[in-house]
């Protein structure tokens, strides 16, 4: 079991993490707006996360922490 | 649970000013992690360029210089000659390194300065609003090549890694890209090696990183990653161009 | 007559072109005009703004210390420019994105639901034109027709089909004041 | 021609093209990027050549080559980039070549900032490069004036074989104002018989050069330059005078700052203080005589230099006033643009409250 | 220490080494080549680093890096090379770094010539680069003084965190005179806590920087600089006064020219004309008060600025004299060095023959 | 009797200031003869460098510019863009071209500027009295490398022809030498070809000429010729490095 | 039969021509000094000259004319 | 006492070191001295010269308008500097290389067969020292011994064997005046 934690207020909603997740569980939350005015990325189904850290690897703003 | 991935402490804990999806941020992380992993952060001195990375001095958790446009290799030389036991690196864009700073990078390389150069090739002048860079691809539209780069008028793009590899002085040159997880992992290895070389007093090491500029390319960050694959990598092939530890390659 | 306007908002909200349209319209109506943008890389994150002056007399300086009108399209802009409205001047607040009310009571404050109205009209990009409608209705600095003419110049031949929705936005905006 | 609403930078670029400039060599830097960008769009349309140089140094040396080959040629940049061009400008001056250089000044020193400043006054008016040379420096205060001065810059350059600097700042470059082209009347300019266009075997080689290894020869060249400079000072010194007749306080300000001072005059009027303005249009040659004349009016109690700097033009004001009245300075720096009220207050404070 | 007969250039280089300079970055140019050449021999002997840079621009940026890393560092060049360094010097000033820059001036503009000149006065004293900054400018008139001022230059640079220019010319650089080292008493200098030597994980990063994107921040930096400059003006302004008490004619001249003027004084004595000399040792800060004081003596009928230029320092002399006496100029250019007789005649002619 | 050899009229009939036996004079002749033979003298514009060849403007019988140190390629670019039908060439030393002017030569080459560059490599700064050049050989003594060039301190010499050949823009690059009759004859062919290419609008052509500096090498002119054979040619091999007319070589 | 003509006052006495002549007939005349102060080069035996122009080819000062 | 000397000749004639030796000797004898060379690439062809001053007082300027002594080692130098000798001053002419006589009669002219003497002594390089001998004999500015001492410094340890021939040259020169 793995876990991703997104620093939501640092996220710029670029969406890069959403394209690399093998489980397709990272998604921009279009319903939320963070303090910077972006739709932050969220893990929509943490149980599926395999902790591969692909999302964190590609995140330009280093807002993702991954635990396993 | 163990932490598989977390922000390195060699990155200052502040938001960076880069546009959403700009891969400058990834490059920063790779540098910071390498310093961290090699345990040299406390004796590192970085040199920020003039370009979008101008504020890099606020992001790396080590001593920093902000250099004049293009002159980072000269500034790094000055630092390294004073502090030969410190780890000195420059972080430069393609306008900075491949245009105005051509003489400085060529001669730092020729001298085999024992420094590490991180070269961000995004085929454009990001900071100033998307003008043509020496690395802009043929027919690429920029604000100073509004009809597309016309090679018959301003030449073909400069291939820095290829050019510098011909110099006896260069120790290690690799080109990597920041557009896929796999490429980023390779990029990380290259960056770390470029620092490792310096620790071992091997000499001039440069890593060219193909990077995106979604803002000035007029694309979404995701489209930009693909543009690197489709357009940049074919013209700028990835790989090790020089490794005096291994003999010359490519 | 001298009208000094500051328009401010996020980078993508089109505040620069709003200002240009006012200046352009002022010019075609025979006035002296000036338009001065903020510029530079800080625009990437923070606010963008422009200062527009429309006057019957030659314009001494294009910078505005006291504005007749401030249009604030987002919160940081309101925070920054509310104090710059001169006594008795106009403050337009994009209430779709700004929750707070104006702090001052010596000026005329207009709350415009710019984004909501634009979305209702079917194109979120015309939020600025909604405020424009409110603004010209209130101040009569330039005519609505001139604004639409200037918009045609801005949009160019290819996008003339966007004119009707912009016209509607201006109309809707004028109704909100 | 009809009025257009144009950014200062673009208007300057268009003005150059209308003045017959067909060669532009530049390098990006904020806040002047619209000049090269405009050129990159327009030059191909008029069969001209826009070339982005590898650096400001390359750009100014391309200008040297193009000017020597007889072309009307321009480059533009902003403060740090202009600093890099100093050797090149000195060469252009030394080789007596006509060229137009636009500096859209930003705050310094070093990388500084990108907001409007007037802190390159010394560099522009005294030759930031080496040796005894001057550049003609034109300081527009509006987009319309920027257009006309840019057009004239090419003529002046050709007439006197001298590099001409058009000195603006972020405000002039970035603001939009209505402009009308075609107002400027072209001046008569001499043929470029000295240009290096190939001898065609019909004449002796033309040599574009600034090296004179024998001191006597070099001194002769310097004297030639000096004579040209004196001629320019005689013929081309220009200033705009506003409200200066019998004023109490005389302000000297140029470009952007002069516009703001016009509002200061109005504040003065409201408060019953007569403030006059002399706006040097040519920063070099500096309108010393005009300033001396107005400063010596008995009504004047003090002279002010107001600048976006820590005090540069004030040197020239002091030299002009030559002790007949006290000379004060007020300035803001780093890209901060003072408000008229602020200037007014400071002027009044320094002069002891006028009335 | 015993006296040695040394060339000015070599003496300057040795003085730097004795001042603890262990890093030198330079590029060849006449007439200062003996400085880098001497350094290339000496530095290895003292475990220092001489590096020939690829250009003057690289050299000044190496200086920036080395200075930021806490070293005592020097570069030297001559006029065209110094012009190329202007951006770099502006950065050094903006980042508040101590560095010593030697300019052995030659005739200009452009490639010009290689003989002695003083035509870089403006560039040195007003910041030939962009932005509001100053460099401390020391102008030795003898090889011995060149030694001492070079040594002091390093201390001044460290004390005020400012680039210091030692301004010589071909004559100062090429002549040999006896020198004695060890006469200069080292001043107290502060620790370089700001230097980028690696945090060792023990402190926040030190950042060497001149970028302040917010105008308010940049203005604050400019004010800091201005305050430093005022402090320097207060503490470090220096001039040598010869024969100026009750003189009829007051000459202001520096460096090489001042030496020649000392012979002019003697000619004056023979002819019964009392000529005084003020020799600014610091060109910036300029000894305005001293000049004002002596100029206002009732005995003085006129003030002269004598220079190897078409007239640069004369601006500062005028500002200092502020109209209390007429100010004249006499100069030769292009590397021509005037003879004392010639200066005397010209001074007498302009002042209407004195006696 | 027919004239087998006489001074070309493209050389101005004045004595040149070069030291006795300095091969700059030979290079001048080759250039002048080429212009003459191609019949382009009347439409040629040359650019003299700062270096011993600074007075070249007095020697070539065509229009000339004296450029700032290192900037000749930029000056030539300016001229060529104004006068595309003229023949524009630079004549530059190794300090001028390979040191201070590195950026200008690289970018003129990358742009494929249709100009001809004559590059005089004499492994030293002649004009200023014999300082180290980027092309100074390892251990060579100069006035700024008094203990011999130390490659570990200031790097190995720059090989300009090799480096520039990697650029897509360059059309033709050859290295020749001026130290024997045979080498001079080859050099002549190379120089002429470099001009011929320009006449045919082929683009950037550069000929590197290994040249002597007896004065600053501290040798007799005759010893200097031999030194070229023994020391320079081994490090700087002669030959065609690039000829886009022929495909790439070497 | 060939002939070499040396412009003696332009010759700098560098001696290069003397090293390349296949007939070894070019020599510096140590008994003469030209206006520049150099010993000029001279052909000591014109009859042997084959007009190969080697001497002219290497002369940096282009002071040799060859006829054949 | 102030002695101002100009020494001029071809680049290779060693005029620079002659001047340095005088300056150095002056210094060791406790005088103020200065030495100023001509420099630059023109030296390649034309003449080189240096100006030396030896004085009991501080030296104002190292340049010499009127020389107490001129030493001309070749014709162009004589042409150039003969007019600079002050009335009653000394002019030394290297008559080995200069055929013409001095034009002036208000100065003391000394003709020295410098090169011939040097060749006779067996080393053409000591021509300068022959003139030096004549010069110090005539003017007594510095002592011959001091000159020889300074020469030792110039030559360095390795070439001390050249001292005797130089001493002879000085001696021979002193005999020619």
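Labels A, B, C, D, E, F, G and H are assigned to the chains in the order they are written; within every chain, residues are numbered from 1.
The criterion applied here is as follows: a contact is a pair of C-beta atoms (placed from the backbone, for glycine too) under 8 Å apart; a residue touches a chain by one contact, two chains touch by 3 or more.
What you are looking at is a predicted structure, and each value in this text was computed from that prediction instead of being measured.
Note on connectivity: the fewest chain-to-chain touch steps from chain A to chain E number 2. By number of C-beta pairs in contact, the leading pair of chains is D-E. If you average the CA atoms of chain B and of chain D, the two centres end up 38 Å from each other. We define each chain's centre as the mean of its Cα atoms; on that basis chain D and chain E are separated by 28 Å.
Distance between chain A and chain D, defined via averaged C-alpha coordinates, is recorded as 53 Å.
Centre to centre, using the average C-alpha position, chain A and chain H are separated by 86 Å. Counting only residues that touch two or more partner chains, chain H has 40-41, 45.
Shared contact sites, meaning residues of chain A that touch two or more other chains, fall at 36. Shared contact sites, meaning residues of chain B that touch two or more other chains, fall at 19, 54, 66, 68, 99-100, 102-103, 106-107, 127, 134, 154. Here chain E touches chain F in the complex through residues 27-30, 33, 36-37, 40-41, 44, 50-52, 54-56, 80, 110-111, going by the rule given at the top.
Contacts from chain H toward chain E in the complex involve residues 20, 23-24, 27, 32-37, 39-41, 59-63, 65.
For chain B in complex with chain E, the residues that touch the partner chain are 12, 41-45, 47, 54-55, 57-58, 60-68, 71, 74-83, 86, 103-104, 106-107.
Across the interface of their complex, chain H is touched by residues 3, 5, 30-31, 114-115, 170-171, 174-178, 256, 259-260, 262-263, 266, 337, 339-341 of chain E.
Interface residues of chain E, counted against chain D in their complex, comprise 57, 79-80, 82-84, 86-87, 90-95, 105, 107-115, 117, 119-120, 122-123, 126-133, 209-223, 225-226, 309-310, 312, 315, 318-319, 322-324, 332-336.
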